[in-house]
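Note sheet for the following structure.
Letters A, B, C and D name the chains as they come in the text, with residue numbers starting at 1 for each one.
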Amino acid sequence: MAKVRGTGIAAVNYPTGMNLGGDPSQALIHATTTGSFVISLSSTDLGQGLKTVIAQIGAETLGVPFDTVWIDTGDTDTGPHCMGTFASRATHRVGNAVVQAAQEARKTLMEVAADELEANPDDLETDGEGNIRVKGSPDRSVAIVNVALAAHFKYGKTISGRGIYSKPKSGVDPDTGKMDPDSTEAHACTVAEVEVDTETGMVTVLSLKSAYEIGRQVNPELVRSQIGGGSFMGMAHALYETTAPYYPAIDHAPTDFSEYLVPGPAEAPETESVVLEYPSSTGPYGVKGLGEMTANSPIPAIVNAINHALGVRITDLPVTPEKVLRALEEKATAH
Amino acid sequence: MTVQDLKVVGQSVLRRDGLGHVTGKTLFVEDRSFPDMLHLKMVRSPLPHARIRSMDFSAAENVPGFVRALTYKDVPKNIYTILCLIGVGPDEEPVLAEDKVLYVDQPIAAVIAETEAAAMEAVSKVRLDLEELPAVLDVEEALEPGAPILKDWGTNYFIYDYEHGQSNKCRKVRLGDVEKGFAEADLIVEGRYQTSPIEHAPSETTICIAKPEADGRLTVYTNTQALYFSLDNTALILEIPFQKLHFVGGTVGGGFGGKVDVITEPIACLAAMKTGRPVKYKFSREEEMRASSSRGAWRMYYKDGVMRDGRIVARQVTSYADAGAYNRHTPYAVTKHAANVAGPYRIPNVRIDAHCVYTNRQPGSAMRGFGVTPASFALEVQMDKIAEAVGLDPWSIRFINAYRDGDMKPHQKVVEDATLIEVMQAAAEMVGHDLPAEFKKMSSRESEEGSDG
Amino acid sequence: MASTIVSFTLNGREVEVIAKPLVTLQTVLREQLGYTATKSGCKKGGCGSCTVLLNGDPVMSCLLPVADIAGQEVVTLEGITPVDGLHPIQTTFYEKFAIQCGFCTPGMILVAKALLDRNPHPSAEEIADALSGNYCRCTGYTPIVRAVQHAAQQMATD
Amino acid sequence: MSTKEYFLPRSAGEAVQLLAEHGPSLLILAGGTIAMPLINEGVSFPERVMGLRHAGLSGIGQDGGTFTIGACTTISQVLAWDAIPTLQQAAHNVAGWSIRNMATVGGNLFAPPPAGDLAVMLLALDADVKLANSTSERIVPLKDFYTGFMITALEPGELVTEIRVRKPAGETVYTKFGRKKANTPSVVTVAAHLMLDGDTVKDARIALGAVGPHPFRSTKAESALVGSALGEETIARAATLAAEECEPIADAIASEWYRRKMVSVILSRALAQLLN
């Protein structure tokens, strides 16, 4: 039984958003008289955690506790337009719209609080715990719920805000391809270590170690969730997945999970990652897009590791055991 | 604002939807049910390329619970293309097949019945008379003279730049003079790379429920990734005012790009309008795997001019995206691919020709990494090949060529927010790879040659 | 169409349903009784999103004619959720971010419960083996395996 | 559900009576893991179905020196029964946990390749199958039970009621080789039973799965082993002959070419475990 090991690296960039057709998203915020804020959207949470990170961004900008911000999304009658959740755009675009809306709402919030506290709005600050206070005089403070009540019943003001993120639509020059399609670039570098059984062609991914740079992490655990799921998907793409096992032929197209091969929990490699933060100039709090990129560096890193282990150069995905054996046979006949 | 000032951003607060998920109380589309709900199932093509001679519904109509069938004649604007919303044309995909089918499992006719089982049984009893036509499955064979032509406009490729009065057979990106670069290069390194079509395989399959309301509108519960995109396309296909539609969603059991197509909503809405009852249209797992769009396959040819010290001075990439039978999002993916396929490297001379090619397979579409995932795979395996050709290690070849802020990308956008060097430095440190001093001190903020350190 | 009346124990309570011939437990739970934590991901026994516990054993409710389980005990995710708060496995899935889209979560938690009921201190390998019939596209499984390990520790100390 | 009647017989006798009454159009469910997907997916629309969960066909007993495994014994029940460790191992390799709690030993005999791995071990154990109709019973060696792709020796009106297996007298080994570590479709499944006298192989049963229309015994590999000393050369010869003899399926998991290669590699590795 012959087992050989190899190491491979890959470094990638990934663009955030795609504005060749225009790529806007809107957000509306209003304060209720219960002390909470509602962010209205028509954006979609695919499981990546949009409903969570958008509430974080809204709470941060408003200066209020996270658990007083509600996300009302997924309804075209109540939520303003969003292009959708794709192109690693949602946190960046929707987040920007929310920051803008929250700034507008915060301005009224502070003005009403200033009237209540008989102070200048510029001298006020939020404490992040549901109160507004005069800077340097913590005893001069008012609860945000009371500000909301006063705005409605006493001053006749809405505490609300509107936000939109819209990068001007870019065209593509037909002759040179000159274009400005995206808003920033995130980056990743993965080092993969594999073990290959040279008799069966089976590849085991021993470890995936990666460094990611994504601007700013809004929620580090959700970032880790994307990295873990995405790098696993990258491994699955590299070694297992295909709807056309004999591509370009269409024979034996899988119909279910007994035929469409995806690795399971027993295949999960040791995964380690570090996240660097170099805030972007365009994202809310410096955010860059993350979701899609996480699958991209593991794929070539794994393929490079296999090629390193075997001294071959496989260039077709997925790298099935059969392709490994055929590459080894080709190498043997070439020598 | 510095990190220290942030109170909520940067905190790992628990998921907003977490309690719903762990108790099973999160409401997914199929967890809603309505009295009187009908079920829609699709009659699909068994062949990759065929002319439809006739369809016979007589046996299907006798299945208890059968309500009615829908064919292309029932669809107001049957031929569409999803990216018409952002100016991509022409319309080319039928909601329901008209005179021919271009891929296995292409929808031909919808059957509406009282139960899912009755709908499935009725589907099994629809008799199709098909004349099989030669199929083309390989992207390069599809571009050869004599290949069966799939599109009415006479080519097997998407025509770019018609809006500029041009008809280009590929998306072109040009920087510098690639031939001059090849001539100056010490050696040429070439490579061919192929990826495979891949299924998004979300846990929850594509689904919608269209429900007629008292005020004449339709409420559509859907797991689309893009509510307005789906709403707008549905209204255009049905030729009804946009405001007649109310889309509700936002909670999706996994998307990965597979739920950006507008595939179930138009026909479910049509069925609801024709019957006046709520209609559910849910993909079976087999439909999700074989009929819904996939991550398209890509073939990429690299030709690089390289100096002995490892610098890449010219890069030419010819790419073929296997769009399958219809556009879906592939023409756009090709453009994104063309902008990124040269990679995060400073290369003065670049020529990219990226083709969107039609074949007789299920359409490719958007998937996590949209056009860039195949590019990253090909170019990073090619980088190792170059490293070997010039006798450098895989780290060195990447540091030597890494782009930095201020560099010009092939699509003539100035690089900003670059951190390729930094992630490589961090990864090297993680695995205990001791980089040479010159790479350790490199920075993406220093774009001038030799100015770092 | 000879429908029959089938009674069984659901989450500790007797229920009685009118069952069409061959109708599955999944369909009865979701469409007749409104217990929608039991999901429908493939109807072929391939994804595990429809997992329920039958007499304590995990089974695929999509493949199980409800008539077969007359008089037996069925537990769904609703049945292990306390009135006030969460089951320790639910808590660790929530707090350890072992969830993304949430569609596979009910099945995963029920299999984890069946495992910990039999083996209170499983190794990571044993957890992976137990979960291998349950499909997740989002997480890469590692957070789920870790959450089950944490739950085991939690339940041992409680 | 287009099914008009669903029968749940309370005994094997009742089951074969129903079978006699309704004929071959009566669809039989044991664990339901093969037929229910086809019904759910709209591939099969059976009017009459018989479920065997309550037909008293489940459980493991002993009849003299023979173990009797009821046809509706679940794979999990086999896994919990420790008389034949390699059979336990084979049971553990079937699908995932929930499916093992439903799928049955009898049903597994009807699973088309690449499924049906348990039977590969049963073949190596020289198991017999008990068949019953409404008037009589007969016992057929498992190796004669399979007659073609999805075809068996079962006559109309007959039901598999029991699998009969003896405790192996010699050494046994089992390997299911798939592309995943757990819940994997088989690339090739190998089971062997060898009687050794010192180094010399006195008797050999080599069974293969996923590389033919049904699980089968490789008589060529067996001939190569019997009478020879079990060593690397003998193993290599047997493995080569098994690879020649098999007729692998091609599917989404593996090609015919790859499966044939793996017959040789996996059989060699399996038999090598019996060295010393």
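Note that a residue touches a chain if its C-beta (ideal position, glycine included) is under 8 Å from a C-beta of that chain, and two chains touch if they have at least 3 such contacts.
Worth saying up front: this structure is predicted, and the values here are computed from it rather than measured.
Visitor: Indicate, using Cα centroids, the chain positioned nearest the centre of all protein chains shown.
Guide: Central chain is B.
Visitor: Using C-alpha centres only, name the chain that sits farthest from subunit B.
Guide: The chain lying farthest from subunit B is D.
Visitor: Report, in whole Å, the distance between the mean C-alpha point of subunit A and the mean C-alpha point of subunit B.
Guide: 18
Visitor: Could you work out how far the Cα centre of subunit B sits from that of subunit C, in whole Å?
Guide: For subunit B versus subunit C, the centre distance works out to 34 Å.
Visitor: Distance from the CA centroid of subunit C to that of subunit D, rounded to the nearest Å?
Guide: A distance of 29 Å separates the two centres.
Visitor: Between subunit B and subunit D, what's the gap in Å when you average each chain's C-alpha atoms?
Guide: Their C-alpha centroids are separated by 42 Å.
Visitor: Where in subunit D do residues touch at least two different other chains?
Guide: 1, 37, 41, 180-183
Visitor: For subunit C, which residues are shared contacts with two or more other chains?
Guide: Residues 42-44, 46-47, 97, 100-103, 128-129, 132, 135, 137-138 of subunit C touch two or more partner chains.
Visitor: Which subunit A residues reach two or more other chains?
Guide: Answer for subunit A, listing residues that touch two or more other chains: 46-47, 49, 221-222, 230, 233, 242, 253-254, 256-258, 260, 262, 264-266.
Visitor: Think of each chain as a node with edges to the chains it touches; is that a line, ring, star, complete or other?
Guide: It is complete, because no pair of chains fails to touch.
Visitor: Please give the residue numbers of subunit B that touch subunit D in the complex, ascending.
Guide: 41, 115, 117-118, 120-121, 123-124, 284-286
Visitor: What residues of subunit D sit close enough to touch subunit C in their complex?
Guide: Its residues touching subunit C are 1, 3-6, 8, 29, 31-33, 36-37, 39-41, 49, 51, 53-54, 76, 95-99, 101-102, 180-183.
Visitor: Where on subunit C is subunit D touching in the complex?
Guide: 1-2, 20-24, 43-46, 48, 51, 54, 57-60, 62-65, 67-68, 111, 114, 128-130, 132-134
Visitor: Touching subunit C in the complex: which residues of subunit B?
Guide: 12, 14-15, 17-28, 30-31, 33, 200-205, 252-254, 256, 284-285
Visitor: Taking the complex as given, what residues does subunit B use to touch subunit A?
Guide: Of all residues in subunit B, those touching subunit A are 1, 3, 6-17, 48, 83, 85-88, 104, 137-139, 160-161, 164, 166, 168, 171-175, 191-199, 201, 224-229, 231, 245-257, 259-260, 285-286, 289-290, 294, 297, 322, 332, 335-336, 338-340, 343-344, 352, 359-362, 366, 368-370, 372-373, 376-381, 383-385, 394-395, 398, 402-403, 410-413, 415-420, 422-427, 430-431, 433.
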